[in-house]
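In the two assemblies presented below, chain A is common to both, partnered first by chain B and then by chain C.
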Partner chain A sequence: MLGILSRNWWKVLAVLLLLYAIPMAWLGSVSVQVILHETIRNLYFHVTMWFAMIAVFAGSMVYSIRALRSGNRLFDIKAQQFAQTGMMFGFIGIVTGMIWATYTWGEPWVNDPKLNGSAVSLMIYVAYFVLRGSIDEPIRRMRVASVYNIFAFVMLILLIGLMPRLTDSLHPGNGGNPGFGGYDLKNDMKMVFYPSVLGWILMGFWIAGLMAKSKIAEYKIEEDTSDK
Partner chain B sequence: MKLFPTIIFSASLLFGGMAVAQTTADSTVQPNEAVAVAKSIPDTLVDLNKQLGGIMDVTVAKGTILPEAIEITPAGLIILKSEDLLKADVYNFEVKASSPENEVYIITVKIRRDGEKLTTTIISDKIDMATGFRKEGKIYVVVAISLILFVVLVTYLVLLDRRIRKLNAKLENRS
Partner chain C sequence: MFTRILSLVKYEAMLEFRNKALVGSLFVYVFSTVFVCYRSFQTVEDPAVWNALFWIVVLFSSTNAVLRTFQRENKGNALYFYQLIRPSELIVAKIAFNYILTLLLVIGIIPIFWLLLGNPVRDMGMFFLVSFLAAGAFSSCLTLVSAMAGKSSNAAGLTPVLGFPVILPVLMVAVKAAGKAASGTALSEYWDLPVVLGAFNIVIVVLSFFLFPYLWRD
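Let's turn to the complex of A and B:
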């Protein structure tokens, strides 16, 4: 029992953080903003999805580097499954963002550098899966896909981290037009926001890990049957 | 939304203030002090506290530029520093204030100069938050439902985790 807990303490932490953050997202006091009103609470749900996505994609890149260094195909499977989970968080982020934008910015898709950047970076990750699908030989697929995955992560950081800061964006903290009025988040909000960011990042790793483990089980079975 | 009556200040009040400033300036030697004296007798255009009742933390709203001639105190006084600084005929700006119940108001202030008259109009608008909804305690319905959803999903995740770990262990032992 203790052995299980010592390996999985971070999953317990994720659940505890979110058991605190989810009720507080509804109950905590928030900054009163003109257009946002109560929708400012979306910060705890919509924005955390992006943080989880970036963290899981980073994990995917680390596994790709390890796959390249060791030549172990299990790392390649992990990298692929982490990228897939990252895509899921990215799509949740886009859909929730579109709903939020409809009621605050007036339409689901405004020409905002952060929106376009996130859409382009998700397309780059879609290309990662297309690339994998187009190579049949496993070792070659691992090498090419791993190198591409490192490139994809760098592009992601450039497109959603750097580009919006260079131009005007409706998103807070970017360009000269911060949506939260100079990021004047109350301290009360930070006390809920940071735990929920960490909680969702850990949840992301948990889900991605499950995806990877089940895929590895599948891989082992396939290996067994091909041996016979 | 509450619309408050227009407050009209007679020009004579302003000119009276100017006259006092003028006489003080004459009696002193340094011109710098004259400016200081003119500033020390500001003309209150509007007392937001008196008009709206129980307003505090009055600040300039984000995205609005306060005219040079105007000053705002946290207690809600909108003060005309000097009439000389009023160059345009119409000024619009917004201030943000809060009530003791934590409700936030955006107050649009419009100052119009019409010949010798100075007219100040204020329109206050409350930012709608779900204060009543919370006061009734209905927010706990939302909290309960989202917590149940989360707990059930996590339980499934734990079960799935165990199942996959056992599966991998079995495969490990077989080979």
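Let's turn to the complex of A and C:
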């Protein structure tokens, strides 16, 4: 019992954090600002999704690096499943962003560097899956896809992190706008935000891990039956 | 190491220019696209429109030029020859050669544009610099991507699919910077854009240097 708990404590932590953070997102007090009003609550969903996405994509890149160095196909499978989970978080991030934008900027999509950067980054990861689909031979697929994964993650960080800060942007925290620290006048939003970020990152790793395990199980079954 | 890279670059040049028909095809491609623009627009007064047309031509010409990077040598020679070369040096040589090729391309495209569509660009020096940096970023990115796509079954189709999402933001920055140069804005207002282009170039070359040997193991 203790053995299971010591390996999986972080999953319990994820659930507890989210059980606290999600109700508090709706019930907690927030500093009401012009334009934003109560939509600032989306901070707990939209921004946390992006943090979780970056964390999961980073995990995917680490597995790609390990796959390249060791040649072990299991790492490649994990890298792929982590990338799929990351894409899901990215997609939810974009949808929550579009909902938020409709209320604060007037329309779901505007011509903004961060939005374009995030859309392009997701397209880069879609291309990762296209690349995987186009190579049949497993070892070669592992190598080429791992190389592209590392390339894609570096581009992701450049496009979402670096570029919006250098150019004009409507996004808070970039292009001359104050970051959200300036909006949290009573410091009570931080109490919900940090647990929320941590909870969703852990949850992201849990989901990705489960997907990886199921794919690895399929792979092992296929290997066993093909040897006979 | 540098002498080896230099000799590899010369080898690439020999391979590319051995077949005059292919080089000529690039020139014909550029000239015909500019000619279509000329027939549609006559003269272009507005720097923004000139800029847009310029970037369309540069993007597709450099894609065309770089697409065949890994198909220049035939397979038999390649296998023997590359056992003697370090892969990291090879990719640097290929990227360097593609840089030179796209540089020549841009130097060729600008006068053709001047000839047929006029020259409303005000800050020509910065315009040149931005074009070189951006074309360099296109070519280095597409070189790495065509290295990856070359391992799959459908190289020619896959290279644009993999490469264009990465090139798109570079293109956006380049069009913005070149547009500002064309309309004569002071450099102090947009100096960060060429810096971003330079940073992209450096990042892609460094990434290629480290990642290509893994692709080469095949």
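Heads up, the rule we're going with is that the second predicted complex is superposed on the first by the 219 of 228 C-alpha atoms of A that agree within 3 Å, B and C clash if a C-alpha of one lies under 4 Å from a C-alpha of the other, contacts with A are read in each partner's own complex, and residues count from 1 in each chain.
Note that in this section a contact is a pair of C-beta atoms (placed from the backbone, for glycine too) under 8 Å apart; a residue touches a chain by one contact, two chains touch by 3 or more.
All values reported here derive from a predicted model rather than from experimental measurement.
Undergrad: Between chain B (first) and chain C (second), which, if any, makes contact with A:Leu159: first, second, both or neither?
TA: second
Undergrad: In the overlay, answer first, second, both or neither for which of chain B and chain C A:Tyr20 touches.
TA: Touch partners of A:Tyr20: none, neither chain B nor chain C.
Undergrad: Who does A:Leu210 touch here: chain B (first), chain C (second), both, or neither?
TA: After superposition on chain A, A:Leu210 lies in contact with chain B alone.
Undergrad: One more residue to check, A:Val144. First (chain B), second (chain C), both or neither?
TA: The answer is second: A:Val144 touches chain C but not chain B.
Undergrad: Let me test your reading of the model: by the given contact rule, A:Tyr103 touches which partner, first (chain B), second (chain C), both or neither?
TA: In the superposition, A:Tyr103 contacts neither chain B nor chain C.
Undergrad: So, does A:Phe129 touch the first partner chain B, the second partner chain C, both, or neither?
TA: It touches nothing on chain B or chain C.
Undergrad: Check chain A for residues that touch chain B in one structure and chain C in the other, and list them.
TA: After superposing on chain A, no chain A residue contacts both chain B and chain C.
Undergrad: In the complex formed with chain A, which residues of chain B make contact?
TA: 61-63, 98, 102-104, 106, 127-130, 139, 142-143, 146-147, 150-151, 154, 157-158, 160-161, 164-165, 167-168, 171, 174-175
Undergrad: Which positions of chain C touch chain A when the two form their complex?
TA: Of all residues in chain C, those touching chain A are 144, 148-149, 151-154, 158, 161-162, 165-166, 168-169, 172-173, 176, 192-193, 195-196, 199-200, 203, 207, 211, 214-215, 217-218.
Undergrad: For chain A, which residues count as touching chain C in their complex?
TA: So the residues of chain A in touch with chain C come to 68, 113, 116-117, 120, 123-124, 126-127, 130-131, 134-136, 140, 143-144, 146-148, 150-151, 154-155, 158-159, 162-163, 166-167.
Undergrad: Tell me, which parts of chain A touch chain B in their complex?
TA: Contacts found on chain A: 8, 11, 15, 18-19, 22-23, 26-27, 29, 32-34, 37-38, 181-182, 206-207, 210, 213-214, 216-217, 220-221, 224.
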